[in-house]
Amino acid sequence: MDLNFSPEDETFRDEVATWFSENLSGDFKHVRYRGGSGDQSEMFAERREWERHMGRHGWSCIAWPKEYGGRDATLSQQVIFAEEYARAGGPGRTGHLGVELAGPTILAFGTDEQKKRFLPPIAAGDELWSQGFSEPNAGSDLANVRTKAWLEDGLNGKEWVIEGQKIWTSLAQFADWCFVVTRTEEGTQGHKGLSYLLVPLDQEGVDIRPIKQMTGDAEFNEVFFDGARTAAENVVGAPGDGWKVAMGTLAFERGASTLGQQMDFRNELYEIVEIAKRNGKIKDPHIRQRLADAWMRLKIMRANSLRMLTKAEKAELAPEALIYKIYWATWHRNLGELFMDILGDEAEIGDAAPYQLNGLQKVFLFSRADTIYAGTNQIQRNIIAERALGLPREPRGNT
Amino acid sequence: MNFAFTEEQELIRDSARKFLAEHATSERARAVMESDSGYDEALWANIAQEMGWAAMVVPEAYGGLGLGMVELVILQEEMGRRLACAPFFATSALAGQAVLFQGNEDQKSDLLGRIAAGELSASLAFSEPSMGWNLEDINATWRQDGDGFVLNGVKRHVVDGLDTDLLIIAARKEGSKGCEGLSLFALEGTLDGMACTRLVTMDQTRPQAQIELNNVSVSGSACLGAPGTAADALDKTLNIAALALAAEQVGGAQECLDKTVEYVKERVQFGRPIGSFQAVKHKCADMMVEVESARSAVYYAACIVDEGTDELAEVASMAKAYCSDTYFKCAGDAIQLHGGIGVTWEHDAHLYFKRARASRSYLGDPAYHRERVAKAIEAFDTSVDHFKYGGTV
Amino acid sequence: MDLNFSPEDETFRDEVATWFSENLSGDFKHVRYRGGSGDQSEMFAERREWERHMGRHGWSCIAWPKEYGGRDATLSQQVIFAEEYARAGGPGRTGHLGVELAGPTILAFGTDEQKKRFLPPIAAGDELWSQGFSEPNAGSDLANVRTKAWLEDGLNGKEWVIEGQKIWTSLAQFADWCFVVTRTEEGTQGHKGLSYLLVPLDQEGVDIRPIKQMTGDAEFNEVFFDGARTAAENVVGAPGDGWKVAMGTLAFERGASTLGQQMDFRNELYEIVEIAKRNGKIKDPHIRQRLADAWMRLKIMRANSLRMLTKAEKAELAPEALIYKIYWATWHRNLGELFMDILGDEAEIGDAAPYQLNGLQKVFLFSRADTIYAGTNQIQRNIIAERALGLPREPRGNT
Amino acid sequence: MNFAFTEEQELIRDSARKFLAEHATSERARAVMESDSGYDEALWANIAQEMGWAAMVVPEAYGGLGLGMVELVILQEEMGRRLACAPFFATSALAGQAVLFQGNEDQKSDLLGRIAAGELSASLAFSEPSMGWNLEDINATWRQDGDGFVLNGVKRHVVDGLDTDLLIIAARKEGSKGCEGLSLFALEGTLDGMACTRLVTMDQTRPQAQIELNNVSVSGSACLGAPGTAADALDKTLNIAALALAAEQVGGAQECLDKTVEYVKERVQFGRPIGSFQAVKHKCADMMVEVESARSAVYYAACIVDEGTDELAEVASMAKAYCSDTYFKCAGDAIQLHGGIGVTWEHDAHLYFKRARASRSYLGDPAYHRERVAKAIEAFDTSVDHFKYGGTV
């Protein structure tokens, strides 16, 4: 057991760090530290251009096979990349739902044709993705999906026709494609009869309405499918296997990108430490305890990730992977509260009228959503108890 | 001993609840948030004049109803249930108290009279940039200038400060330290050398202002009471205001609980109302434990205040610390239990959450107030018989 | 709304305080502050004598009607009595299960004959009671009671014969009687078919085995009924109505005696404050916050009780009464932890070999049981959610 | 980077787990609790000699196996799962480390050699009445007396102090202050003027002693290394010991979780295994989140220690603070979820709970260690690139 990187890894680190320092300058200097969770629309066009720039230089999806635009990177290299990206102030990735979720899902479950069609544009930063899982009545309860789809003859052969509504679809307003869990077998319930479709968003029959959130920004959307269409072959896995594929997608949320997320957290924590130093609260014994707690827990978050990733590389299922979501979400929410308590009354005051809040204020507010989306803390505890500890499932109601 | 509302108090509560449910709606609060005005003027006129609440705690001698702290917390609790955008708290619990405790008879007669009549809204400008809520840390100054005074300094976080008719300014004599030399000045309208700025606040339902004073000349009668003697009055005012704010927090927390219970009874997931899941039930139960206890803290403290004992500071801190935590927790849990809908702008949950956050630090955060209680404990001699009101502890 | 006591009440307070100061002296001086929760066997014989002494002077059950040995005391008087009792260092009441639970239950649900037979000996301190509710498989789930009873002809006419096992029966080793919830209708399940029997303990067929708890003391017992008998008329309420009567008993746990409990808590808190002053921890900012929190919450506990009792006097059901158990139990558990943290390593050290711990160490340990007995915190939350907030009940399993 | 055990490490863990499950049983711990002896001598002989664990972290030069911190935390974690009554922690993590860091070659060769051979059990006498864990607060003294030294003072909370062969005594030069003048003395057997008392401890599985030193004369060779230079060694020793204790806490917490999960799967109430109720499930889930995180903290810190960087103090404090809270919480929750049976003497839950309580304050409680981390944060310059091991923060 050790935490050292090999000399080859350190060489790779130098290469990555050098590339970022050379490229996050000039035209791209202004996107540094921009965007990211809670602030996804900030400088979107510029960040999208940066995504393409990374793609052109082969840095977009380094974990992927070379033939699809990746670099076959090892786990250590992925860790190094994620950390260096965040350390260099790399902006929130506009393509992250494609890079982290759609791409790996297609790699794991897709056909060769799908891989050839969809992976290179993701790697190139040319096509952005969004995720169509939740519905108004299927938030925590994904098995309750009601959006339906069926095959019809269309202009270009057989096509899926989609009817229904998705919600909490992050970045849909910017995305080209959406992976959509639909019910394709009439009369089925629960996990059965679902299919995982890839649907182009730029078409009649798709209506995207941003949802304004408590920060004042809109990062999520409602997406209405009203006769939307996609080609028959745009189903990942067999029709009816959508549940299995969707669960696979959720598992990919725990990849090496978690290290990058933690570096963003680190940047936030550093900023808060500096604020506490400036306003003197660093001397407050209660604030000190909380800062220490946040600091320790962030180091532990990283250690948790490294344990989980080490096992993942050996293709072991790590029960500790199941704790990741609730751990980071709760940590982040507490960080936001700590920031506000350090600033006290001053924490109320935003940047500009009418309602422009500063970055850490947005962390405070948006982190309330962290413990809700992608499985509430309550759902996470169910998952941990049932899958890791083997406790009995809750009886399902009949209503 | 009768630790329940009298019939008259029940009446006050019921009519306040009814009135506010009808008039202090989310729609009207949102309209204020979108507008340039700091509060809902029609609502304030209703409250202050027709309902007569501005007169509630003003002594009868000055045209008020002469009711006590219990009545004030009743109104504040109801106000907190709604997101009433009106300077009731600033006028009755901050400025009005300051005038009452520090003004001379003429000043009380004039200012409290107009407050009671609903003609005057008011606020207190106490805190300053990088300052908390300790009297000792006041930097704004006054100096005598002929019959009048000259004021300098910057006041921050003045609730409703840009929108009220009267501002009470706390300042110290140039060169004085600690609790010495403190005075309160009553200013109406904008004076030469005075600049007021609206601050952008996360909680848009209660605006804050910054007041800059640059050699502002005021008349001798602007100084409440004798110059340099305002420390006790300020201390009492902040304690009363903290308790009134705590009452508002109880109302807000109760509303968060009520709305959540309503929602989880109806929202179905996994084929069951989510309120049937223990994770949800137990969070609601914990909210109720805290809300009821917070309410007890406020009522208890209000009774103590009405007795006029020397426990004011301790019970006010107790109420403010407890209720701040309770409201923040309940407002946060309300969002969590509403799931995705709870983080949207359209839903009211965030308005309560932001109000909870703002009132948590305003007049001192829970750690500050617990520390004040700790000081009282340290000074307390457990071997002496402190029996009061048959009181525990 | 006010917290003032009337001049009459203050006179009553003087009378009570005087009586205690005169009587908790001389022979009874040594029982002051002895016994109580977690330490029930301490000086039991002497405390039992004190119970009789109070009874002889009419101070045992002041809330009861005069005809049964009480004083028809008002709520204010009960509050005053409870507070003065604890303030004077009145010892843990050996008769409290009779005074607080059995007596009020018989008063509310019993026949005149039962009242005449059972109440005066309780008021006199002559007969001690214990509570037979829980069973090994009916801890949180009282409806699962399996102890059964049936009527048979006996030496003195019809008698109930009882078979089964109760557990967590506090003070049974000292008690004369036990109120026992039994299943008297064969084949019934849940709340139905239960009866509330009054059973003498000094008989063949009753086997009492103390349960040693983590403090090293034994305050609870297992009670085995193996053909134990009680007269046919010793059923409270109608046969089959045991659930309703038992729920009534549980409600009596929230009477004016809660004020006395709080005065005991106050004494413990004062002792802890003094310890913190002596060892300097009173200056530790974190300890200060926790002391303040304990102090505030105790005042609030009292205010909660006064609200609840004021309503009870007006015969209103106060939803806040439902929060009392979880509130005090959690507070007490936290107090124990605070004590240990104030003493740090020194908190480990007991009074004498082989395993004599000091009073506050016992509070720390025994308070872990506070959140379990008489309804765990988890059960309390269910009760609050269902009865006060109207949330749906949990589905019952079939296993 | 490979943040998993090597095959050799897995072997160590597996054999430790197997051995301890068989030998360090609850029955044997309870037998020790009832007896006058401080530990299970047969168990210690097995551990130290046959299993060779006493040699584990002693450098090869002194007859040990020369393994590192990762191996020590592996053993400690397994030890914590059981309630092993043996002075392994005192010998390997306290006294052994002190000798290693402060002894001269002869002392190391002699003492560590015998420790490695399983011939010598040992402990460290550091804390004193009314003292915590700061070096500066040591009051016990030494003075030179010819070629030897004279010791005075009272040492308290010496784990296994009455039962081990060797005691390392921390004392300061008479009249010295702060971290100056500190020395460590190695004492075997009871000397003139030395009185050792067994303290009655709430946790009966790890006894503590009080050692009174009244003009105790010791030879010159009893002083480890040069007189008055032991501050660094002591500091390092306490850090290593804190981390080793944290590892034990992880093991204990894991055992509490495992036993609880087992119980709630079987215990039926309301017609269902109680483990199917969310109130129970979610508490178990929270326990697992904390246990796994505590484990990560310990493994991470152990890797850092084996790297020999200057982060030792910070990561040791991190591990001790986190694991102390985790163990205490899990042991308390285990009692709660076991219901009535959990508070009985017969059930093991209270043994873990008491161990968790004792180890929570031993070597410094969580608040003490978080404060140490806070000091590191304060000194940390966020603008400098602190990248180490690709490390976050």
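Going in written order, the chains are labelled A, B, C and D, and every chain counts its residues from 1.
As a working rule, a contact is a pair of C-beta atoms (placed from the backbone, for glycine too) under 8 Å apart; a residue touches a chain by one contact, two chains touch by 3 or more.
All values reported here derive from a predicted model rather than from experimental measurement.
Peer 1: Does A-D or C-D have the larger number of C-beta pairs in contact?
Peer 2: Of A-D and C-D, more C-beta pairs in contact link A-D.
Peer 1: What's the chain with its C-alpha centre farthest out from chain C?
Peer 2: In terms of C-alpha centroids, the chain at the greatest distance from chain C is A.
Peer 1: For chain A and chain B, what's the span in angstrom between their mean Cα positions?
Peer 2: That gives a centre separation of 41 Å.
Peer 1: Nearest whole angstrom, what separates the Cα centre of chain A from the Cα centre of chain C?
Peer 2: 54
Peer 1: Among the residues of chain B, pick out those that touch two or more other chains and give their numbers.
Peer 2: Expected reply: 272-273, 276-280, 282, 367.
Peer 1: Please output the residue numbers of chain A that touch at least 2 other chains, ranges allowed.
Peer 2: Residues 285-286, 289, 378, 381-382, 394-395, 397.
Peer 1: Quick one: in the complex, what on chain D touches chain C?
Peer 2: Counting only chain D, the residues touching chain C are 127, 129-130, 132, 156-157, 198-204, 208, 268-274, 276-277, 279-280, 332, 335-336, 339-340, 342-346, 350, 353-354, 357-358, 361-362, 365, 367.
Peer 1: Using the touch rule from the top, collect the residues of chain D that touch chain B in their complex.
Peer 2: 277-279, 282
Peer 1: Spell out the part of chain B that touches chain C in their complex, as residue ranges.
Peer 2: Contacts found on chain B: 1-6, 9, 70, 257, 261, 264-265, 272-273, 275-276, 278, 280-282, 284-286, 288-289, 292-293, 296-297, 299-300, 302-304, 306-307, 315, 318, 321-322, 367, 370-371, 373-374, 377-378, 380, 382, 387, 389-393.
Peer 1: With touch defined as at the start, can you tell me which chain A residues reach chain C in the complex?
Peer 2: 285-286, 289, 395, 397
Peer 1: Taking the complex as given, what residues does chain C use to touch chain D?
Peer 2: Interface residues on chain C, with respect to chain D: 134, 137-141, 143-144, 167-168, 211-214, 216, 220, 279, 284, 286, 340-341, 344-357, 361, 364-366, 368-369, 371-373, 376-378, 381-382, 394, 396-399.
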